[in-house]
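First subunit A sits with subunit B, and in the next complex the same chain sits with subunit C.
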Partner chain A sequence: MGGAGESHDIMAGRMLTLPHRPFRIAAAVALAVAITVLIALVLWAILAAATEASGTSRVDIPHLLRMTSIQAGLTTILSLAVGTALAWSLNRLRFPGRDLLVGLFASAIVTPGMVVAFGLLAIWGRNGWINQASNALFGVSIGNPAFGLSGILFAHVVLDAAFAARILLARLDAIPTNRLKTGQSLALTAWQRFALIDWPALRGSIPGIGAIIFLLAFTSFPIVLLLGGGPANQTLEVAIYAAVRQDFDLSGAVRLAATQIAVCSVVILIASALAPVPTSFGASASPLWRDSTAARMLQSLVLAIATLGFVAPLLSVLIDGFGSIGRVLAQPTFWWATVTSLAVGSASALLTLVLALALAMGRGATGNKPLRTLLGMPAFAYLAVPAVVLSLGFFLLVRSLGAAPAQAAPFVVIVANSLLALPFAIATLGPPLEAITRGRGKLMRSLGLSGWRQFRLVELPLIGRDLGVMLALAFCFSLGDLGVIALFGTQDLQTLPLMMFRAMGSYRNNDAGAIAAILLIGTVLAFAGLPKLFGKIADAAR
Partner chain B sequence: MVKSGSIALAVLLGLFAAPTVAQDAPKLTIYTYDGFAAEWGPGPGLKAGFEAICGGCTVDFIAADSSIGTLRRVQLEGETTEADLIVGLDTAIAGEARATGLFAEHGLDLTGLTLPTEWTDATFVPVDYAHFAFVYDTDTVTTPPKSFEELIALPEDFKIVVQDPRSATPGLGLVLWIAAAYGDRAPEIWAGLKPHILTVTRDWSESYNLFLEGEADMALSYTTSPAYHIVSEDDQTIHAALFEEGHLAQTEVAGMLKSSDQPELARQFLDYLASAEGQKIIPTTNWMFPVTDLGADLDPAFAGLPQPEKTLTVSDEEIAANSQRWIDEMLTAVQ
Partner chain C sequence: MLHVEDLRFIHPGQPLEYCFNFTGQAGEVTAISGASGSGKSTLLDLIAGFLEPRSGQIKLDGADLASLPPERRPISLLLQSESLFEHLSAGRNIALGLPPRTAKEIIRQKVDQALGEVGLSGVEHQIAATLSGGQKQRVALARTLLRDRPVLLLDEPFSALDDETRGTIRDLVGVLTRSHGWYTILVSHHADDVEQLAQRRYRLDEGRLELY
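After this line comes the complex of A and B, so read on.
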């Protein structure tokens, strides 16, 4: 079942090579429709609650769109470039503690943005490590580079590039051994190896990851406000928040939300249409093929800089929080919040798994391009719809169903967390699943495999490790989520990030720091452990 | 998560469709913001204190993410809201809350209260107050500015952090404060402040954290903020800078809803809230001044805090008529 040697282009008559899977396609279409209907219901519920069209929102939308697009565009380009370089380096180099480092890199994106931003300031801020060292050694200050557009970009790259690297690394690690052997026997240079072997494996994931990063940056609320230096650098989300909360101009909020959804949809549409069908895929052994010394030095340099740039801020979070951990561990609420976090995280990880598999399998099962594009879109729903609008809409919907919001909160949080993790899950699982049906479709057709047996015998063993990465992502997303829980959390439903946020809002910065450190440790452990665990399970199932 | 499990079951069975559970003890449902209901906030103490004197009632705090969120919630719920009371709105939003017509008059005699200005509101009962102020650390700032104009005249590397008036109540408070102090000159003051503003954050906590981390010299907060550091951390270095123009006070208020099915109990709670018994709980849990004279019961850390000589006020009518424009002027000036 080798993947090498097949055409890199989308084959003509591809339909014939795909196994016939009407159920998979139907399930994905049903799910896509359900998500679309949910979003429409949310907007409708808000419009229905808007008493009068006061229309007081005074927002310079073109200006906001221009500023936000520039910021998000730069973030995307920088993050993809850095992420690719980092994945390339990590794929080649082997050293003790590599798994832990990979886990640490990946943990950035799922850590609450606030924590990462303050970690960055602890390094780069006016009173940060670098300035303190520079002042002590040379008596000069580097000033305050962490604020303004550069600060926003820096924080976003730290968050997003490491995440991109994690997913791209999974793609590189999945290049089949025989392909590598062929390349090695042809004595490809480091550059040729990247262009001929690595890039084809990566490019299937680039549009999806790029879209996620763009949307994250486009809607990034607290970081942009914290590091932006003022209202000149801000996003539509701020205006929407103001419309919902301060002006209580609900129809205006829906208008702004629709604008944001429209812009995001264009990005999603492009990404979804552009994503090429990935090719080779398989299980890979550890590489015995070393690049030239110059290339290896470059890889080590990339890794060293990335480690300093990305890990130091997180390290500062750990160090800062360490002093108060004992005090926090002694609080019964902390343990309740931990249990809640673990339960919500596990539930939403499992739900994400089901949703992502349904969407990705359905998409992989059809060769119809418009349908493929449409099935690629709903995954991004949560990133395109402003959180404050979603929460308001859910609140109204739950009420109109006759349920008490507090009692529905756990379910809303789990569903919302799953939707939040969905694009990341699809970016992880989509490309390998498609590669499998494309590469082995003919074989499965000729063997007459049923859909279940295709999953059990072919797909599951091959994507085991990716399932682990995906579950870790979804679990940690939920574990670190602050946006959803801040709006849906109640007295009885308090997760660790919410507890952290509440502590910070009541002068209890030491407690908040300790919780941030604990969250970070949990995330790194999940990222280091889960992919390995699932890789093992998949190997056992083979 | 047995609890969630049983909730799941209950929701599935539609048991919550009609919440007609018979209640022996009368239940008082209070909407408030996160920090007020938190275990370290005033909520638990007030609940225990009132339940002990109300003769067998239950108090249930339901927390929203912000004080304005509680108001928006009852506006959306209208007559069907389960809330009997809202605690934690502030004076900047009280006028708008009153205008919704959802609140009932409290009917209490509040003449004995000790607030910076006399309390005449027939709808809302004051819960606590503090003046907005910039806080600084005596380790790094030896001579704090004594007015907005002195602050503006400082070198540009003297940085302050403030909050977005559209998302944080202190942020809105600063806009009102500057408008009250400078009237038509407010845009000029904002333009002068601009070079000193390191950033404008969404929430108070982010600004305050930036200040504590040493990223900014001063943060917009309250005159009572130093009390937290004195009481909880034995740290005497955090002080509030008093400005000669005078300070605007933020008074947090509580109000009972017309739709309440327990109006007498709700009124009783408001009375308790403004009494010395209720007020005793507030200072070291919500870090604000009490609205009654607590005498020796007030923590000395509060009693020793310097108070502004002059308290500025902005009327409900002025806020309703001008706050949009003032916010726009601020945003334009600091853009």
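After this line comes the complex of A and C, so read on.
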């Protein structure tokens, strides 16, 4: 053990191993306060409208709550189980194309829900590939499993299990080589290896990931909108949207929003108590320890099924989409929507970068517990106040300020999307920045490094790739966003997802398919390209 | 003279109160030994300023260091590991011992000179992660040379090294201490490190230092 500085350093400021960075802390506090005020204003607008609008409304909140909870609970359990199995398989098996597959699963978190929903319909839907094949071969139809609760669960698990697997795989890959060597020399069985070595490494992350998945499923918007098939399977989000845009039932929408905020806040309070301890980053050398043949067969099977389940819908989007891409490319509105999407995506990605970097650096620079809690809160704000609710709040706020919603729309869409990406951005940047100041604080402090040199020489080279990942996340999130734009979109402000949604609404499914394919390609390009680019920039900073 | 006087400290939640007293001379190595968990690293953390003492003084030639933050203390550190930024080249790591905005030409010259002094010429472009354990410690020593702070704190600096390398690095520490007139404080539980290197030996037991 190298002295007292390693694990006990958050204690009441007694340990002085953190470099002194008052400017970082001040900047972070200012931003945290600004975000909090913004959220508070939005909440205030919603609550004010709620007390004002006491008219009758037909929303059935208990029913919605029950349905949404069942759906989100099932999604969480299934996604964690599938994700763990997938991470386990990926950690063990070595095969050509493995890196590509891992990258693909990593991209699940940014794949627009609309695209996945569309892909599932193309495969499992009434006129999907499977029904067509089954009709041709046996003359029977399998119905429409992509619709309703089963479809929602399927789409959620496709996305969320891959998301969980990626994080859990990183935990498994970071198991110290020496521990694996010890286990191998004791000739542990595949099961013992999982129970004694893997599970302890995973356990700490499960509650946090589970909470995120639950919230994502609980607030899911595009997938439920497209696959839910009516009020039976709505989430609160979709119900809010329907209340505002279809039934013009503002008081119902506001009551739904208040419920949504209450439930999400409770989940977040529980989740933050369970938040995983950030482990050190970096992967250990890959071991040459193979499990038994039976275990390896199981792993291959898991991998094959997961790959098929994840890749097939996306592949179908690409194949179907390219058939009718010409028609879409010929429409000027398409090009406008593309420009709008790119502009909104870039602006909110940059905003997210500034917010996340400032908050994470400020948080890493202080050992003061209340301050750290304060600086950690903006990350959760948006989860508590998800897309449609935030939009509703902004909408009410803008209206009560006497401005036209159409004018505020671009601003609201950018800010809301970057708040949406913020939890993930902070989760990406926070742990490595924290690990650097904790692990290297003594050294940096005794050398008297300035804040700028700390950033240029130590942090930037080490987190460059993470910065790219974070920008890609934020960009893709807002590229695929439907929740915010659905409430705020106008004829003039139309993004690609909104255009796709409108195309589906007017039964132009070929157009929708082509846009889905383009969205998917844009997402993949950004997600694969930005981290590489930033990795290069960081290397140059060494 | 380096003079630590009634330096008291209690780890939160622990019953033992440490009370450290010792003196060190310029150009001499003072060795601190003691059982694992006896508080050796705690003592170094206090001297370096990473822990705040409840009371007491750390005096270097009459000036009290206890009120200075770690980065302002006239102190260099050499730990068992983690003394370098692994992702930077050896040269970059060493150059961190110079003030910011030192001219490139001077940096190169000083880094060369320091590497020569620790017997490692020619590795300045190698990434620190790829250096051997002994080479890393030499690079860290080279940085110490550029910083040229009078107090050098060593916490088990040779533990990760094989016998031959540890002999060479140990001798190097002795030579540098004498030639630069450093106050070197060596924490080690290896008897031969202490015998070979130290002019003054303390044992830490029950929170107190005893000369032996």
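As a convention for this text, the second predicted complex is superposed on the first by the 290 of 542 C-alpha atoms of A that agree within 3 Å, B and C clash if a C-alpha of one lies under 4 Å from a C-alpha of the other, contacts with A are read in each partner's own complex, and residues count from 1 in each chain.
Quick note on the criterion: contacts are C-beta pairs under 8 Å (C-beta built on N, C-alpha and C of every residue); 3 or more make two chains touch, one makes a residue touch a chain.
Values in this document were obtained by computation on a predicted structure and should not be read as measured data.
**Q** Quick check on the superposed pair: does A:Pro410 touch subunit B, subunit C, both, or neither? Answer first, second, both or neither.
**A** first
**Q** Examine A:Met504 and indicate which partner it touches, taking first as subunit B and second as subunit C; both and neither are also allowed.
**A** first
**Q** May I ask you to name which of subunit B and subunit C touches more residues of subunit A?
**A** B
**Q** Output check: A:Arg453 vs subunit B and subunit C. Expected answer is one of first, second, both, neither. What do you get?
**A** Second partner only, subunit C.
**Q** Once the shared chain is lined up, is A:Phe395 touching subunit B (first), subunit C (second), both, or neither of them?
**A** So A:Phe395 only meets subunit B here.
**Q** Should A:Arg21 be classified as contacting the first partner (subunit B), the second (subunit C), both, or neither?
**A** In the superposed model, A:Arg21 contacts neither subunit B nor subunit C.
**Q** After lining up the shared chain so the two structures overlap, which partner does A:Arg440 touch, if you call subunit B first and subunit C second: first, second, both or neither?
**A** Only subunit C is touched by A:Arg440; subunit B is not.
**Q** Considering each complex separately, which residues of subunit A are in contact with subunit B in the first and with subunit C in the second?
**A** In subunit A, no position sits in both the subunit B and subunit C interfaces.
**Q** For subunit A, which residues are in contact with subunit B within the complex?
**A** Result: residues 49, 56, 58, 114, 118, 121-122, 125-127, 144, 147, 221-222, 225-232, 238, 241-242, 244-246, 248, 333, 339-340, 343, 395-396, 399, 402-404, 406-408, 410-411, 486-487, 489-492, 501-502, 504-509 of subunit A touch subunit B.
**Q** Can you check the complex and tell me which residues of subunit C touch subunit A?
**A** 11-12, 41-42, 44-45, 48-52, 69-73, 75-77, 79-83, 85, 87-89, 92, 96-97, 100, 147, 155
**Q** Going by the contact rule set out above, which residues of subunit A touch subunit C in the complex?
**A** My answer: residues 1-5, 8, 11-12, 14-17, 19-20, 439-440, 442-443, 445-450, 453, 457-458, 461-462, 542.
**Q** Considering only the defined contacts, which subunit B positions touch subunit A in the complex?
**A** Those residues of subunit B that touch subunit A are 1, 3-4, 7-8, 10-11, 14, 16-19, 34-35, 37-41, 61-63, 65-66, 68-69, 72-73, 75-77, 82, 159, 164, 166-167, 172, 194, 197-206, 208-210, 212-215, 225, 228-229, 232, 287, 324, 328, 331, 334-335.
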